[in-house]
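Below is a structure I'd like to ask you about.
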Amino acid sequence: MRSILIAILLLIAPSWGTLPLQQRIEHERLRLKFGGAPVTRQMRDVMGQGLAIGLLAGFRGIVADFLWIQSHSHWERKEWLQQYNEMQVVTTLQPQSVLFWDVGAWHMAWNIGYAERIDTNDYTLAQGMKREMVWHERARQFLLRGIQNLPNRYDLYFKLGWLYDQKFKDPCLAAEQYGLAAQFADAPAYVSRMHCRKLAECGKLGDAYQCWKRIWFQDHKTVPQSWGIVEREIRQIENEMDIPDSQRIFPRQLLKPEPTR
Amino acid sequence: MTEMRKEWVGFSPRRIWTIALNTLTESVRQKVYLILILFALVLIASASFFSQFGFGETGEQEALEQLKFIKDFCLGAISVFGMLIAIVGTAQLIPNELESRTIYTILAKPVRRFEFLLGKYLGSALLVLVSLTMMSVMFGAALKFKGDNYLRMAHESVRQAQDAGSAEDLVRQAKRIHAAVYDADLVKALVLAYMKLALLAAITLLVSTFSTSMVFNVAMALMIFFAGHLVGAAKEKWAESALARFLLALIPDLGVFNLADDVILGSTSVPWAYVGKVAAYGGVYLIAVLAAAHFIFAEREM
Amino acid sequence: MVSTFGFEMDAIQTENLTKKYNLGWGRGRLLALDGLNLQVREGEVYGLLGPNGSGKSTTLKLILNIVWPTSGGAWIFDVPCDKVVSRLHVGFLPENPYFYRYLTGAETLNFYGRLCGMSGTPLRKRIDELLEMVGLARARDRRLSGYSKGMLQRIGLAQALIHDPRLLLLDEPTAGVDPIGSKEIRDLILRLKAMGKTVLLSSHLLAQVQDVCDRIGVLNLGKLILEGEVSQLVRDQRRLSFTVQDLPESARAAVESAVATAGGKVVSVEHPQTTLETLFLQALRKDERGAGDHD
């Protein structure tokens, strides 16, 4: 009897004794964004029993992968809503995965959207385009949530900018997102260039000019081969803004043919 | 001979090591174990034959996606098989000793009960370590095989790039793939995975000190394994239910040992400090569990 | 070995050794051993006999501190049994042992030797020596799963002897062993006695015990009901047995009347019987093909 009581005491002791340690671990996990969002009953219904048990055993990644692959079989059978639901669950399980947000949004806005538009079985083309826009919006919301979870990676800002540009046809919003994306050290060089370009398209020539000048003078990422592109853009803006020669970076040379925009 | 032996009656780490090595040898030579570990190794190796193409938008995304699948799958397999070996391997130790009466021959020598228990545990921990190492090496090989494939494809497309801009981008993509393959943080995930398995083995040993039914031991250990993953959620409901409080008090939070998923996502690098903290947490529990096992076993008549 | 006072030491001494097992709630307690007072002198072979459940195994377990006495005490060479030191000079062979199935004979002995603190060349020499002594030298590299019952008993004896103990405790050493193996074990015990070792064995195979033991004690329901030297106990003092050879039938009546005249009584006249065991062993020895794994 005595030994059983001692044994129970010994088992309770560590959880009490390590409370400060546990708190510090908890704190670290929150900071590093380990684990994932809590799983709701609805999500467990989407998953099914087997995967729910796998989740209980701590195999978040595998469950997410499985659902991801499954969502693609829904894609092949044109079951958009199931695909959408599963992608939601997948990103809830692993909100730290850039891939799931990125590719998920691509599926929604580009693949599903397009498929809905050209699906003229039951709908007119106008109705199809309306449905496509619903998917564009879904993708936008999706990416915004993704950015909330991953505010320190350039990928999702870039994708959102691309979405604004290609699908919403809004260069101003696109420029904003490209600007945010370009701030990160691991963003590719072309992102800042796209930022400048979209600023110009948006009508903010002044900002665009500043943008290109910044690249020309301070950007260390651009490879020598791309300098030509930057030079061309600057020339164009300087022409459009009619900047006097004394203030230009590239003074006008009458002999050089000017490409029209 | 008498004079030399008198000094060996004290607490002897050498004796513990002898029992540990003996336990390891006996376990490794069992057919069931050999089949299990072989199956595990084949399964992990098969990951390198996963389909080459994924569902991504670009080649880089496909590669990263496939690598994620491979890593999740292999680490999952290592977890599952490691768990089987830890729980089933440990659950049979003391019942087998009682059945074959070897325990009587050992305790009839000047061997302390604690030395016996610790030696048995150490043997089990070594078995898990050996198994985990083998599986990790196979995983590393499979990952490298597949990863190098993707890297070769990535470098090929860099060579064939149309212009400087896309070449630069492709180089960056290749770097990303490289980082996904040669990720040192995977080692940290394996270290914590081993820590969790060592703790599970100790818990199984504790259960086997008061129950000699293998089935009960395994079932109980599995229950505690699942309960350990609920502790994380129980912490939030702590005020609400007595069950949550009970779980929290007795059962370690096993969820903190699961580093694999987060390492594979690769969004942040894992500091060794975190690994150290979790290892310390596990260490405290390990000592407590083994101490509890000692107290029960020392009072046990056979 | 003689103690400082010049008396011979008791190898084992128990004083009022009692063991009650709890049978669980509400079922009371089982009295396995009731106040056992036992003295095994150094150098003798003592047989503990009794039916199943009489307390023989319990006695051995109490001496080895595998279970603890409810009251009373036990000493090995004057060291109390609850001290780990007491087991320095004891070797134990349990009943029906299986040992570690996946170890070879030599590896098993190596394991037990290391447990006792031996190592290196002395250990290796000792292993070779013991394997020779118990006749398992040829099977030293075979895994124990391939050993017969008799071989297991013999390797068991070897592990009990690995550290050259002064006292041996054998629980049913010949149970389940075929007659040849049984004889070999008995011969080994006699050799050990000749080396000056003390042996306490428990058995319910009475015929086999008779040939080996100096003294016996009979346990029943936890109490010692009979104890003494085998030779004296077994002898019927009142009767005398003549074995006569080549006596013609006609002279038989004369012998019987001579006995009657002297005041005695002829109890029985018949041809003496050899034992089945002797017959069996002789037949096998004559068979040119040998006797299986006993070679």
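Some points to look at:
The letters A, B and C name the chains in turn, as written, and every chain counts its residues from 1.
Throughout what follows, a contact is a pair of C-beta atoms (placed from the backbone, for glycine too) under 8 Å apart; a residue touches a chain by one contact, two chains touch by 3 or more.
Predicted model, so just to flag it, every value in this text is computed and none were measured.
Common neighbours of chain B and chain C: there are none.
Farthest from chain A, judged by the mean position of CA atoms in each chain, is C. Across the assembly, the chain pair joined by the most C-beta contact pairs is A-B.
Centre-to-centre, using mean CA coordinates, chain B is 48 Å away from chain C. Distance between chain centres (mean CA atoms), chain A to chain B: 34 Å.
Chain geometry summary: the mean Cα position of chain A and that of chain C are 82 Å apart. Contact residues of chain C toward chain B in the complex are 61, 64-68, 84-85, 87-103, 107, 111-112, 114-118, 156, 159-160, 163-164, 169.
Those residues of chain B whose C-beta lies close enough to touch chain C in the complex are 1-2, 4-9, 12, 14-15, 18-19, 22, 25-26, 29-30, 99-102, 104-112, 301-302.
Considering their complex, residues 2-4, 6-8, 10-18, 21-22, 24-26, 28-29, 32-36, 38, 56-62, 64-65, 68-69, 72, 94, 96-99, 102-103, 106, 150, 153, 186, 188-190, 223-226, 229 of chain A touch chain B. Across the interface of their complex, chain A is touched by residues 55-57, 61, 64-65, 68-69, 71-73, 75-76, 79, 163-165, 168-169, 172, 206, 225-226, 229-230, 232-233, 235, 248-256, 258-262, 264-265, 267-268, 270, 273-274, 277-278, 280-281, 284-285, 288-289, 291-293, 295-296, 298-299 of chain B.
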